[in-house]
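One structure is given below, encoded as C-alpha cells.
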Amino acid sequence: MIDNLLNPAVLFFVLGLVAGILKSDLKVPQALYESLSLYLLIVIGMKGGVELSKTSIQSIGLPVMGALALGIVIPLVAYAILKYVGKFSVPDAAAIAAHYGSVSAVTYAVCLSFLQKMNVPFEGFSAVLLVTMEVPAIVVAIMIARLYRSKTQALPWGKFFHEVFLSKSIVLLVGGLIIGVVVGDAGMEPVKNVFFDPFKGLLAFFLLEMGLVASSRIKDLKKVGVFLVLFGIGMPLISALIGCWIGKFTGLSVGGTTILATLAASASYIAAPAAVRIAIPEANPSYYLTASLAITFPFNLTIGLPLYYKWAQWIVGKAGG
Amino acid sequence: MIDNLLNPAVLFFVLGLVAGILKSDLKVPQALYESLSLYLLIVIGMKGGVELSKTSIQSIGLPVMGALALGIVIPLVAYAILKYVGKFSVPDAAAIAAHYGSVSAVTYAVCLSFLQKMNVPFEGFSAVLLVTMEVPAIVVAIMIARLYRSKTQALPWGKFFHEVFLSKSIVLLVGGLIIGVVVGDAGMEPVKNVFFDPFKGLLAFFLLEMGLVASSRIKDLKKVGVFLVLFGIGMPLISALIGCWIGKFTGLSVGGTTILATLAASASYIAAPAAVRIAIPEANPSYYLTASLAITFPFNLTIGLPLYYKWAQWIVGKAGG
Amino acid sequence: MIDNLLNPAVLFFVLGLVAGILKSDLKVPQALYESLSLYLLIVIGMKGGVELSKTSIQSIGLPVMGALALGIVIPLVAYAILKYVGKFSVPDAAAIAAHYGSVSAVTYAVCLSFLQKMNVPFEGFSAVLLVTMEVPAIVVAIMIARLYRSKTQALPWGKFFHEVFLSKSIVLLVGGLIIGVVVGDAGMEPVKNVFFDPFKGLLAFFLLEMGLVASSRIKDLKKVGVFLVLFGIGMPLISALIGCWIGKFTGLSVGGTTILATLAASASYIAAPAAVRIAIPEANPSYYLTASLAITFPFNLTIGLPLYYKWAQWIVGKAGG
Amino acid sequence: MWNKKLVTIVTEKAIESNLEDSFKDWGIKGYTITDARGKGNRGVRSAVWDQAANIRIEVVTDGKMAELLCERLKAEYYDNYAMILFTVDVQTLRDDKF
Amino acid sequence: MWNKKLVTIVTEKAIESNLEDSFKDWGIKGYTITDARGKGNRGVRSAVWDQAANIRIEVVTDGKMAELLCERLKAEYYDNYAMILFTVDVQTLRDDKF
Amino acid sequence: MWNKKLVTIVTEKAIESNLEDSFKDWGIKGYTITDARGKGNRGVRSAVWDQAANIRIEVVTDGKMAELLCERLKAEYYDNYAMILFTVDVQTLRDDKF
C-alpha cells in the first residue's frame, strides 16, 4: 500500500495540497488547469476507443446495464443517508448525492495506471462504463431535488438535458471514444507520442493542480462538519462494495470489477458541480465541493484504490474458484 | 480519399466543429490556442530550415519566383471574381482576395503529413515557398482597396509594412527557418522530442480548437450568401490548378507541386485577418473569416488535398512521362 | 565558444529578443510563460532529487556551507560596489545586491546542458546548491536596506520569512527535490517522457519568452546608465571567481565548480524581484530587472558559461594536478 | 452625449451562460464580460478553477431597463448565488444604441 | 479630491496597438486595458481567438481631453469597428496626474 | 437603491496579496480583482510577466470607508508603487452589505 502512496501522481497531489495549505504563492494558471483537463478527458476517451475497437462487443451489454444500475442506485442510497442520517436539507442532500453517483475521470485514470502497474488485465470497454456512469446519477439527484421543491418553478428540462449531455466532459469523452474506435491502433501511431505516451506524466502534473484546488477547500472542512467527513470516506466504501458485486454478477474480471468499484466510489468534480450549481441552486457548494475534492478524491487515490482491488479479488475471485 | 478523412487531425476538427454547432460548453482556453499556434508556426519554420540546410539551393530560385507570381496573381483573380461576378464592394472583395492569396500554415502542415504518409518525396525548401507566399497577396489586395478609395486618407505605409513583415506568423516562420538552418539536423537532436516528434499530435489538438473557432462562424454561412460559399470551394480549385502549372513550369516534383497547389488553394486565417482588419477597416470580417475558416479550410483538409495531389500527378507526371 | 552560441536555446532567446526590439506583435500568452516556468522549476528539483538519491551524502556538507557562504558574501560585495563605487542609494544598491546574490534556475539548467554536452561529470547534489543559494542573499540584502532605513517602520519578519521560504520557486524546487528522492530512478520511469525527456526542448521554448521579456527592458538600458551595464557584466565575473575558489576549497569536481560558479554569477529573476518589490519598495525595479534580465542573463548564457568552465578547469585542475 | 445607466454585476462564472440566456429573454441588447476573482460574504473566490471563478458583467442601458434588470436579477439570482451589482450614471455618444 | 472624467471604451482586440498609437498622438498620458468578451450589434464576440476578442480600455483624464477623445474615437473608429464608449465623473487623489 | 462609493484601484500585481492583507486589517468586507495592463507615469506595463502586470481592484463601500481607504492607500503605497485610484458614486440594492 505504501508503494501506491509513493508514486509521482500521489506525491504531486500532496505537494499541491501542502503548498496550498501553507499559503504558498504557488499558483497554477487557470488556462493550464483547463488545458490539462481537456487533454486528459479526450485521451481517456481515445484510449478507451482504441481498446474498444480491439474488443468483442458481445460481453459489453450486461456490464453497461450494471453501470447504469449503479448510476441510479448510488445517488438514492447517498441521498437517503444524507437526508435521514445526516439531516441535510433536500437540496443539499440531492446535490451531494449527484456527485457521488457520478464519476471522476481522473480517479478512473489513476485506477488504470494502478492495474497496469500490477499487471492486472481488464476489459477493453472500461471507458464505456465511465461514460455510462457520468450522467444518470446527476439526473436522478436533480429529479429528487425538484420533486420536493415547494415553489413549483419548472426546470426547463430540454435545456437541462442539452447542458448535461453536451457538457464538456461528455463531449470530450464520447468524442475521444469515437475517434479512438474509428482511427484504431494503427491510425493512432503517428500521434501516440502526444496522446498516449505522456498521459501518466501529464496526469501527475494535473494532480499538482488538483492538490492546490483541494487545499482551497480544506479550510471548509470545519464548516461542513464531522458527518460529511465520515460520509466522504464511508460512502465510497459502500459504493465500491455494491460496485464489486455488480461487477461479479455482470461477469467482469477482477480488473474490470476493480474499475467498476472505483467508478462507483469516485465522486465527480467536473460534470456534477457545473450541472448542480444551475439545477439545484439552493444547495451549498461548500458541502459537495469539499466532500468530493478534499475528502473522497484523496481517500480513493491513496487508500481506496488498493482496497477496492483487494475486494474485487475476494468477491470475483471466490466466484471464479 | 476516405482514408484521408479518418485520420486523427480531421476527426479532431470535426469534433470541435460539432461541439461548437451543438452549443456544447466545451471551450479551449485562448492561451492554449495561442500557445499551440505559436508552437506550430515556429516548428514549421524549424523543420523547413533543417531541410533547407540539407538541400542544394540551386533549384530554389525559380520555384520562389513562381510562388511570388502566385501571390500576385491569385488575389487579382479572386478580386475580379468577387467584384464582377459576386458584386461585392471594393473593400470586401479586396479583403477576401487578400485571404485567398495568402496562405494557411496549418493546411501546409497537414499537406506535408499527407505526402509523408503516402511516401511522396518533396523539395526540402518547401517552407521557403510558404514564407514567400504569406505577405505579397496581402499587400496587393490592400493596394487595390486603397486605389479605389474615395476618401484620400493616406495609409501609413511605413507602419503598415512594419506590421505585416513583423507580424507574429512571419517572425515565427522566418525565425524558425533561420534557427533550423543554423542548428541543422545534429544540433536539433536534443530538442527533437519537443519540436519534431509531437508535431503531428499537437497539430491534431490544434485542429480541435480550429473546429471550435470555425463553428462560431458557421451561423454566418446564411448571412454571407450562396455565392461566397461557392467561391470558398471554387477559388481554391482555381488557385490549385494555377499552382500545379506553376509547379510544373518551375521544375517542382509531384510532391513539391502538390505543396505549391495546396499553398495556393489555402486561405490565410492568421496574418491576413490581422492585417486586413487594420488596413481595410470597411470590409466586413464576417465575409472573409467565414469563407476562409468555415468553408475553404475544411474543404482543403478533406477533399482538396487528395485532389491537388491527383492533379499534380497528372500535370507534372505527364510532363515527366 | 561559437558552438555554445549556436544551440537552439540561445537562438530562441535571441529570436525573442529581436522580435521584441523590432516591436513585432509576437506575444507569448502569460499562462504559457507561467506554465513553463512552473514545469522547469519542479523538473529541476525532481532531476536533482533523483540524482541525490543515487549520491552518497557524505561529501555534501562542505559544498552546501560553501554555497551558503557565497549567498552571504556576494550580496555584501555587490552592495559595497553599487553603493560606494556606483553611488546608488541604499535601497537600490541593496535591491540589486539581492538579485546577484540569489540565483537563476534557468541559467543553472543551461549550465547542466552545457556540461552534459561536453561530457563533464558533476556532483549529483548540485540541485541542493541551487536551493541553498536561492534565499540567503535576499535576506541579507533586505537586512541591509532595513538597517539604513530612516523611518523605523518595522518589517513584519514573520510574514516576510513565510513569503520568501514559501515562494513558488522554493516550493517547486524543494517539492521536486523531495519527490525525486522519494520516487527515485525506477519510480520516475513511467513519467520520464514528460518530466525528463522534453526538458531541453521546453527550456529552449521558455528562452523564447525570456527573450521577449528581456527585450521589454532593453529600452531601459539608457535609463539605468553605463555603470549598471558594466556592473551587470563585471559582477558575475567576480562572483564566478569567488565561486570557483569556494568550489575548489569545498572539494568539488571541475563540473561541480563550474556549476557553483555559474550559480554565483547568475542573477535571480523570479524569487528576488517578488520579494524585493515588497520588502524594499523604494528601490526602482528598472535597475534590478534590467541588470538581471537584459544584461547578466544573456551574458552568462553566451560568454559566461564557457568562461566559468575554463576557470574551473584552471583553478580546480591545478589543484588536482 | 446621452444619459444612460451602467449596471455592473459581479457573480459566479458557473452561471454565465444562464445569465446570457436571461439577458436575451429580457431584451438586453449588449453586454461586456471580463473574468474576475474576489472576496465577499461567501468567502474568497480565487478563480483557481471554474467553480471558484467570478465574472464581471457590464450592461449599458436606459434607466427603465436598468431598473428592470436589477429587479429581475435580485428576484432570480440573489438568494442562491454569489452576486453583487451596482449602477452608475454614464454618458454615451449614441442614444438609440442602448 | 479632484473631479475628472473616466472614459471607458469596449472594442476589438485587433486594433489595440493602433489605439495605443492614437492615444500617444492625442496626448493621452495613461490608460488601463483588460481583456473582455461580449455581445452587441455586431453579434457575440466570445474571445475564442484574437479576431473575436474584445478589450476594455479605461482612461482617466480631464473634461476637455475626455471630450476630445470621444470625438476622435467617433470620427476614426466608430464606423468600421465594434466599439462602444461611455464617460462618467470620477474623483481622484491627484490633479496634475490626469 | 442605496448610495455607496465605488473605489477603483489600478496597481502592480506584485502587491496583490499585500493589499488583500491590508484590506482585511482595514475592515474591507469585499472586493473584486481583474487582471490588467496599461500605461502611466512609470511607463508601459504590458503584463508579459508577473513583474510587469497590473491588477484592477474594485471596492464598493460606504462614503466614510471609501475616504479612509483612499487615505491609507495614499499613505502606504503611492510613493513606491505604480498606482492610481478613482472613486465614483454608485447605487446598490442592499445597504448593510457594503
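A, B, C, D, E and F are the chain letters, set down in written order, and residue numbers restart from 1 in every chain.
The definition used in the following text is that a residue touches a chain if its C-beta (ideal position, glycine included) is under 8 Å from a C-beta of that chain, and two chains touch if they have at least 3 such contacts.
These numbers come from a predicted model, not from an experiment.
Trainee: Considering only chains that satisfy the touch condition with chain B, which of them also satisfy it with chain F?
Mentor: C, E
Trainee: For chain A versus chain B, which are copies of one sequence, does the interface use mostly the same residue numbers on each side, meaning over half shared, or is it different?
Mentor: Here the answer is different, because the shared fraction of interface numbers falls below one half.
Trainee: For chain E and chain F, what's the span in angstrom between their mean Cα positions?
Mentor: So the centre of chain E lies 20 Å away from the centre of chain F.
Trainee: Centroid from C-alpha atoms only, then distance chain C to chain D, rounded to Å. What do you get?
Mentor: Computed value for the inter-centroid distance: 46 Å.
Trainee: Can you work out the whole-Å distance between the CA centroids of chain B and chain C?
Mentor: Roughly 42 Å separates the two chain centres.
Trainee: Could you check chain D for residues that touch two or more other chains and list them?
Mentor: Within chain D, residues 34-35, 88 contact more than one other chain.
Trainee: Name the residues of chain A that each touch 2 or more other chains.
Mentor: Correct list: 25, 27-32, 34, 193, 274.
Trainee: What's the contact topology between the chains, one of line, ring, star, complete, other?
Mentor: Its topology fits none of the listed shapes; call it other.
Trainee: Throw together a list of every chain pair that touches.
Mentor: A-B, A-C, A-D, B-C, B-E, C-F, D-E, D-F, E-F
Trainee: Would you pull the chain C residues touching chain B in the complex into a rising list?
Mentor: 6-8, 11-12, 15, 18-19, 22-32, 113, 117, 193, 197-198, 200-202, 204-205, 208
Trainee: For a test of understanding, state which residues of chain D touch chain E in their complex under the given definition.
Mentor: So the residues of chain D touching chain E come out as 1, 4, 6, 20, 23, 29-35, 58, 60, 88-93, 97.
Trainee: Applying the document's contact rule, which stretches of chain A touch chain D when the two form their complex?
Mentor: Interface residues on chain A, with respect to chain D: 27-28, 30, 33-34, 159, 212-213, 216, 273-274, 277-278, 281-282, 285, 289.
Trainee: Which of the residues in chain E end up touching chain D in this complex?
Mentor: The contact residues of chain E facing chain D are 8, 10, 34-41, 54, 56, 70, 74, 78, 84-88.
Trainee: Would you tell me which residues of chain D are touching chain A in their complex?
Mentor: Per the stated touch rule, the residues are 12, 14-15, 18, 21, 44, 46-53, 79-81.
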